[in-house]
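Both complexes below contain chain A, partnered by chain B and then by chain C.
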Partner chain A sequence: MTNPPVILTRDLTKSYGAATAVRALNLSVQKNRITAFLGQNGAGKSTTIKMLLGMVRPTCGDADVLGKRISNAKENCELRRRVAHVAENEPLYSYMTVEQTIAFASSFYPDWQPDHAGKLLSQYRLLPRQKVKTLSKGMRTKLALLLAFARRPDLLILDEPSEGLDPVGIEDLLQTLVAKAADGASIFFSSHQIAEVERIADQVCILHHGCLLMNASLDQLRQSYRRINLSFASAPAQQDLRITGVEKIRTEGRRISIFASQNADAVIARARDLNAVSVDVAPVALREIFLETVREN
Partner chain B sequence: MGLFFKLNPTTGQPLYLQLMQQIRHAAETGALRDGDQLPGIRTLAEELVVSPNTIVKAYSELQHEGLLDLRHGSGAFVCVKRRTRSMADDVQFARRRLRDLLDDLRDNGLTDEEIKRAFEAELLYPAPSTQLTRKR
Partner chain C sequence: MLWYKSWLETRSRFFTCLAVLVVFSALFIHHAQGFLHPEWKTEFNRLLFIAHEYVVVLWILSVVLLGMGGLRRENAAGTSSLTLSLPVGRAHLLAVRFAVGVLEAITLGVVPWMTIFVVADLGGMPVQFPQIVFYASLLVGGGLAYFALAILVSSLVEGEYTAPAVAFGPLFLATIIFDTWLRRFDLWRLVTASFFVDRTTYLLSGPFPWLAILASLCVAALMLLASVRIVQSRDF
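Let's look at the complex of A and B:
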């Protein structure tokens, strides 16, 4: 845990006219971990990623990626050699063929692995002679992924890497991400595929209206979040159950449902003091945590 | 080997703990024997499609417990001591008792789903729920 973060933002902000896409974001992404970046459409994920990659200039604030400042042109150039990425609408030249695109991209990167590129080409069933403009959305995504995965980067930054992929493609992608992590790459990726995120991520960040609502380890979320359903002979007032960790309470007749981010034991003890006739405790899946967290705000 | 382990991301338990339990269980029941080699971190992470950190944490905790011997560069090896071998008998015995209990509960009219939920609640929150779920 003594490793410096691979991404560290300081009040990173981007406004487009009156609209603020990312507001004073202070995000820290740890080394050697798979970190997922969740948020609704328009939450500011892509803007954040584009700022980190130097594709969009921040309105104010700054960030370090692999210890290099994104606002410094020279450092930005250095960091891009060590970061592989897939951005939203990855700019691929539509008049090139798949193999021309690969040859073109590979010339930029000293860490390019031709063998690995060849393996991915056949695994992804990409046709070398096919023109980029005739590729389907999913195949375009695969080509963009190939360009990122054929390198040996210290950090992978991926914006919606599963966009347009079929279930087999998604499984391949997850496996590749895991293998890259095993090779020592840190991974930061945005996704709407919460069930997939839940399988491979070590850490989860939730962005909402340009603000960071959560940055927590998935292990910790698994252990601490609980849904507690209680039945009473006559339901007590909700405030009697509002203790630390209780995020939401819903009463329906004599039943009370509690969404707790921590402290489930204490909630249960309190419910017992209030003479609950039944207590049902269930773990909470990441999808529900995400929805509850985002809706609350 | 990965096929013998099944991690469930939504049970409310960290994946590394699930993996530890399954490896322990395999050693206790004799499915894994002394000297058996476990897959490397990368291989198992790819097979289970989980973060390599999950495997690293499970392996190193099990090494701490003395159930695994991690040899640098050559992998993870099971070391089953005599105590664990006798555990195998205990586990067999426990399973027989569980089977009897399940028969009883089914005779009482509980569905398997209800039994499973009661079991999980009991394992997660033993003290309070024992008193509270006894409605009838």
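Let's look at the complex of A and C:
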């Protein structure tokens, strides 16, 4: 029996007047996996996360998080007890000190681990009596991460969590996320740092103009996406190479570059039928998949 | 811990307002040293009545300042995501903020009058404790509607300083309208004790207006309920 998804959205939509931030989103995030949520600025990632946590009311559609309906205020409150959230720009109360912030946050969660919080406090070199308003951006990020990582939540929702961190901080963050996932937590995080995503994510979702363009496992993407560079004595028409799986074709003189999401073997066979002089097949990095997918749409 | 957060959020404003009210009350009554003669007792009572009007003005300014904040302001400051990700309902958040504000408002109403009593008593002035209690009770009991109005406005208006500025608009307008056409229901006259002062002795007389205070508290409760509905329906 498969585990129910930790996040399941059904035609989730959010409009602000004439502008639609999220459009009929049908997203499924599996349990015990690290799911990356990619998209350009304004793609609707933060709005989606805010809808999941009850901060923004969907215009239509609904969603379940950890089996609780987000549109039901009581259930949403219950789900927030089991979710650790790090919001974009790490909002923290500037009038509190680090220790006041920790004491405040810890009081709401029965899964708070004071020992672990203490370890993270020294690991992140946060001074307990320092005012939050005097912290640098990186230190604020660390404090926001501490509030999430000092718990044992079922689901971690992180909105651009590496923002403001130095390379060491980013490395620590990635390792912590992997460790949390190994401990049984499900992780759903948005990021613009595709290299980080590629290192730790199991699943990748791409959102563009509020629409979900892709929801696939990283392994699946690595296996199916290919860049095929072909040389011809005389370049054939692009339509001769347009078969299922070919996402984009670029012709430069006698060279043709094909970006294929599947069926690479069939594309190669077609190229050979068209008397290709050389065929070069290369795996595609997530960065390229993201850019091509977003530009295509 | 929501109480603690609300307290940390408002304590500097609270202490500033408290200091202003206490210093004003103490200085005002200290200057009444000349009214020590028994034959000037009426003048002293009149002075208390005038002092009360000033205390009311300062108190209203203070509670409107204390009413600043809440989720709209947090949204502008960028911290609403942290507050709303807590496993607490929006009504609960507002209720705690209101409750902390009410406690602060009561303190701001009682302490200046205690100061007046102590300074007057130490100065040998003919101060009567029941009169002090009457004034303070009118201020706090009737005046909470002003605080509820500030909370309501802060649920509607986002800006940090816009909310109190906007709050004074309906406040002045309501005072003018009620004073002109609906004087019997004028909250300002209730809170400043104009309905109860005997113009010959300048003592507050008659029974305590429980019904009027109750009506004022009901208005405050309605404004609080409206604030809850507004906050619950908004996106942050």
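In this text, the second predicted complex is superposed on the first by the 293 of 297 C-alpha atoms of A that agree within 3 Å, B and C clash if a C-alpha of one lies under 4 Å from a C-alpha of the other, contacts with A are read in each partner's own complex, and residues count from 1 in each chain.
Keep in mind that, in the parts below, a residue touches a chain if its C-beta (ideal position, glycine included) is under 8 Å from a C-beta of that chain, and two chains touch if they have at least 3 such contacts.
Remember, predicted model here, so these are calculated numbers, not experimental data.
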item	value
Contacts of A:N89 with chain B and chain C, given as first, second, both or neither	second
Contacts of A:R33 with chain B and chain C, given as first, second, both or neither	first
Partner chain(s) touched by A:L291 [first = chain B, second = chain C, both, neither]	neither
Partner contacting more residues of chain A (chain B vs chain C)	B
Partner chain in contact with A:E78 - chain B first, chain C second, else both or neither	second
Partner chain in contact with A:D280 - chain B first, chain C second, else both or neither	first
Which superposed partner A:A237 touches (first chain B, second chain C, both, neither)	neither
Partner chain(s) touched by A:K50 [first = chain B, second = chain C, both, neither]	second
Which superposed partner A:F108 touches (first chain B, second chain C, both, neither)	second
Contact residues of chain A, present in both the chain B and the chain C interface	none
Residues on chain A engaged by chain B in the complex (per definition of touch)	32-34, 171, 174-175, 178-179, 181-183, 195, 198-202, 218-219, 222-223, 225-226, 264-265, 268-269, 271-272, 276-286
Partner chain A, residues of chain B touching it in the complex	9-16, 41-42, 45-46, 49-54, 117, 121, 124-125, 128-129, 131-133, 135
Interface residues, chain A side, partner chain C - complex	50, 53-57, 73-74, 77-78, 80-81, 83, 85, 87-89, 91-96, 100, 103-105, 107-109
Chain A-touching residues of chain C, taken from the complex the two chains share	1, 4-5, 8-9, 77-82, 84-90, 232-233, 235-236
